[in-house]
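Scrolling down, you'll hit the structures one after another.
Okay, so chain A shows up in both of these, paired with chain B first and chain C after.
Right, the complex of A and B next:
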């Protein structure tokens, strides 16, 4: 289908143009820092996406490795994992971005501009962090085990199967309820959801700060933090468990979470496009009047969208703790993963396949930009580059008009074969 | 006579919808004339005018303004050349006042601050100069459609437009507002301004235009002096075949009562009562027309009957079932179909494709969904059937609908609503903005539905439409039904009296016409 193909190409052309333009414009600032833009970008992309030893743009694709016998061979760089691949770290972070971006997308598609992902995320995180040590603790007490080290193996296995799903479910429920508040305010009292979610985010951050600093504080460490979750609640990262021997994963805490995130993306896509409930939400989002006119229960659809959206952010929070952080440290509530997710959702223009790609790209850029500072470059430079890329990515209409203009310039010469007369 | 506008060999192809909207179109307008541009829905009229106004770049062709070659690549170029355009869908800022809208972008300022008093004064002066009274300080959100249009016209005049393009200006106006607009148009032309008027109402062409150009399927098929062509000839030129301007229909054979409303009390915008104690009855096999100047409670009545607006008092029965407080879905389940007044916002979701638009009234039923999952094939089949049955030419299954022309969009709505043999069809302004060919089609379809036993409630501000279709005519004024007339003997004059709030008994005692 050439129509489809052209559409896909169009959709790819715009982000690519945006990235290139963003890089070109930020060169000004790179030059101001008295460095060579090409070199800087090479380093940034290598730090973000490259294998160990990546030096040039070319190394992002292929890299030379030394064999045991001293000869060298050329390999596809993304698969070359010696010393740990940076893509694994990218995926670790992208896991959370995918989930929060899905959360935003579910709300946006229902016509609700909820940006409550941050609040739902941190509440989900603190829920998982608390249950992650408290629940196993209760079980040990009940089973009369004094020291988990000496617990019977069967008990540990059963707990390891039960604890993570329980913690995740609880975090999702907390996220869902928190998001539902904004939905309820919207549907019943017509409170603007953008404003209510901003306020709810601020409240959630303070709740988590309080919990971490006082009731859930575990020790007298100078930075307040919660007790580390029990090993039975831990989603063991690939490099410590399943793929212990695969070097590609070493150096990252990437784990089963990425599988959950991609599964969630598939399920949400299916839900939105293939179920009546998803259809209701999208129609209510497209035109509220149309939905009412067609007999769609749109209030119900809005509340359901908010619940699902909140559950996804809660899930992200749970995975961040159970799979990556293992405890909440004071200040974690302010890292803004939920907000980055909103950004990813907007840049991906609410397309679910695009979310996965954009989340990875975003995570890689952030990582590359952060690592720039370990060289001689100012830390702000990375942020400037990212900001320009995002700025240009949001200029969709501008680029679309540009592309349309170019297309109409090119088209007339090639007379359309299957031309339809207007009716 | 000098030419104000001369467009030569214009061509425009839309790659996204694969439509050749203008095919070697040449179009010229004399200075100081009122020139009507007519043609079927999707003929390319709006596209041609958007090209003249710099909103769309043509693929080929030249434009001459006042006999000078012109390069118009942006509306600013057009404005500089003295061209003004009032669009089919108004582009005003509802929360701004009339003065703020008219002066938007050219606000008088004092040291960089907007001078509100001067702004209002300028607008007052302008409206006085052109004899178009407006209240500069009224908010656009609070004024009638006719007044909004006047604001649009003043806006172009403030920018000193010598050539005025009006894209279907009368589609949403009441007859009174239309007459006022005619006077304005004639006055502007008498001042030496040039008016290009796009319209579907051929009677209007006869009344105000000097010359008329006809477009058909992207081509210009001819320009005539209005005095030399009859309405029928114009219609035939537009459609390319003989058009029946008045559908003929058999006398109705009314059956059981399908819809009955008793003493309806309905609140309108902001809780102000809009309908006071309306009672009506529609039987199977008949068309009840509701005539009236727009804004007399028809919209609220239709919304209440269809479940979009709560009723404060009274009772609505559908096929013997009380549906006064039933949900939209329950009403639809019970056999009600609704063709709404506003197809762009209410009737369709322009953000999605044809399939999802046609399935909105059926998606929760088999075979379109099963246990909560949508089934693509039956939905596609439904879309296919509707496209075929209603000959929606440029529509395709699974494609976006936002580039379809007005007539085709209305066919999509009608196709969806009439699918599955509804027992009651409520239609509100079903032919607004449609061309004669499409109107003929819609009218025929409604009569067919009546003949196959559906009850039809037709609300229209077009008296012609009411007279052509209805078996009985109820006239609404100020939220009340002033009288119900038998359509076979009702005259336009009788209806006119009732529409203005008069009473037939008092002024012209013909009691046998009142039921």
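Right, the complex of A and C next:
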């Protein structure tokens, strides 16, 4: 077997093994809840990855279609989704996970265990939420438009082109600056970035809570919230704009954000593996001292990594607001999407293609866990299953050693057989 | 002192037994004894169990809760209403807990996919419901605790319930005002919003109506799921001399109850019947019958009386009340509270009944903080 293929198989086998083991072990808890494991998992994967009406594992892959003569036939169509496919919602969730996981990866690759994604994310979100209604408001005042609905079409078109990039840029800048603080503390004062980012996260969440509850609060709603962003700053989801008639997208707020996230992944991959700056960063991450002796300005590399990392989290926050939520509701800051991103980055072992896959899988599991309730199964069961899958996924070394041990035990018996075979 | 207390107790026992015997002259014995507790005299189960209606088997509903269950207050009350509907009406129901506002949109849309007869939402942001209701005109929606500030949209498939709680809070305020020993009572709110001040303003007016020189204190937690902060604030208020606190803070309120129990002070519960959570500490609960609202939503699709638009209900319609009321008849504090306070309870109940009659007849108008805010 070629070494490369074997390596890929190994890399695929271990996560799969982890998922299966996670499911097997959590079956204990599923049984304790007096429910059938198979049915629970069917429900979970259907709700996470299936189309509307998916009931069994089989429905994940095949769909019954009606022929012209009235008979039905089964076709292999895992992505066929009349009435809305749940993958659309999964992609909506995954957008934010991909971006925050990229953010974590950039920092990790530079040898900085920064977990400040959450703080940068919420600050980016509140920046976009504020500018999303404030900037268009200012433009309307300047242009002398009293009612946005009666504004001239050209003005609206120009604004629609300008507002989202402006809001996104501002959110990225805020995220970058906030992340830079931790980098600066690390480089200049040697403050452990893990500790400083944890604290900066807490501060950011409290700042956002304050802003939502007091200065940016829009009305007397019993849950505090900011004013909704103007329609010109809105990244219109596919199912209301571009692909209005495509049922696949119905029920999700998936939009251009996923394209931005994938693009960001490609750019970050290129940056890390194909540019000098990225090389410097990876070297600095490998060994700071070695990099410095090799003439690499490792401090600069670290600060740059923190800036890029923060900008990516800020971007995630901007997309969460401009594309999905359209306003910050009290409680949103405490959700911890940034932490989910860190987890995705760790599970993906800092590999960029893996981030996209893991983010989608994780988002699907979350979705499935929440929607277990539509099958009258408790939501907490889903959380237990997810936790076990994550636990086993993080035991990579253990599995690798296990596989190696089994292989070495099998090898002596196989070896003579290999010699007999003519070469 | 001991003598007089014993004497009073004896008097109460004698008076009660006399009333039980139906001797009319006993009613003039003492003012306390004049109060006839409807919960002990009448058959306690005032609300008859509805029999499952035969035609409701095919009816289904889904309810979206704004957060996880277990606040022993607002959310649990809504879930209890859903469970009661399933049990009593024989309908199919799906109860969905969410983990916060970021999941509301997806959960409501997912619920619509199953096309139940009605989708009930609790405290979901108004534009989310409006958008989805407009997108699916065939699906009926029932929203509780959703406020439209720029006018309710004219939709045939959206019904809203508004439960006003200033009047029952006023009644709870009477209890606090009459039972306080330090002449200092207060309220701990979840957040400084009209929806919460509706409770607090009513409560404060109730206190003032029976205790002119009582001092009132207030504090806001700023969060409905932060019992730790709420507890600290309550401890601060108790240290400051308050002895009865009214909590209007959802899950945070648990901290207020705990602080009262730990310091030997007292609290008034909210939304659900919380009297039994800390027996002897919680005097009474100002109940907001979210459960009834949920039940009525389900019932409206069962008996085909679904009406779109806003329904405003309160004390009069039985959607707001006290845990002492007939139907709930919580008497935990009578059994576990300190003697001197328990002795006052009949008089308190009488005062409350009088105030209730005045409110219902329109003679007494309690300030509606929600109305003030929207003006």
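A few points about this structure:
The definition used in the following text is that the second predicted complex is superposed on the first by the 395 of 423 C-alpha atoms of A that agree within 3 Å, B and C clash if a C-alpha of one lies under 4 Å from a C-alpha of the other, contacts with A are read in each partner's own complex, and residues count from 1 in each chain.
The working rule: a contact is a pair of C-beta atoms (placed from the backbone, for glycine too) under 8 Å apart; a residue touches a chain by one contact, two chains touch by 3 or more.
Just so it is clear, the model here is predicted, and its values are computed rather than measured.
In the superposition on chain A, A:277 contacts chain B only, with no contact to chain C.
Legend: residue contacts after superposition of the two complexes on their common chain; A:296 is shown touching chain B, with no touch to chain C. Using the contact criterion defined above for the overlaid structures, shared-chain residue A:335 touches chain C, although it does not reach chain B. By the document's definition of touching, neither partner reaches A:188: not chain B, not chain C.
Shared-chain residue A:370: touches chain C; no touch with chain B. Across the complex, chain A is touched by residues 11, 13, 15, 17-21, 40, 42-44, 57, 59-60, 217-218, 306-308, 327-329, 331-332, 338, 340, 342, 345-352, 356, 360-361, 363-364, 369, 372-374, 391-394, 405, 408 of chain B.
Against chain B, in their complex, chain A makes its touches with residues 273-277, 279, 282-283, 286-287, 289-297, 405, 407-408, 411-412, 416, 418-423. Residue ranges of chain C in contact with chain A, taken from their complex: 62, 68, 94-103, 105-107, 109-114, 123, 125-127, 145, 147, 149, 191, 193-196, 222-223, 373-374. Contacts from chain A toward chain C in the complex involve residues 47, 52, 83-84, 89, 92, 209, 213, 219-225, 228, 251-253, 325, 329-332, 334-335, 337, 367, 370-371, 373-374, 376, 379.
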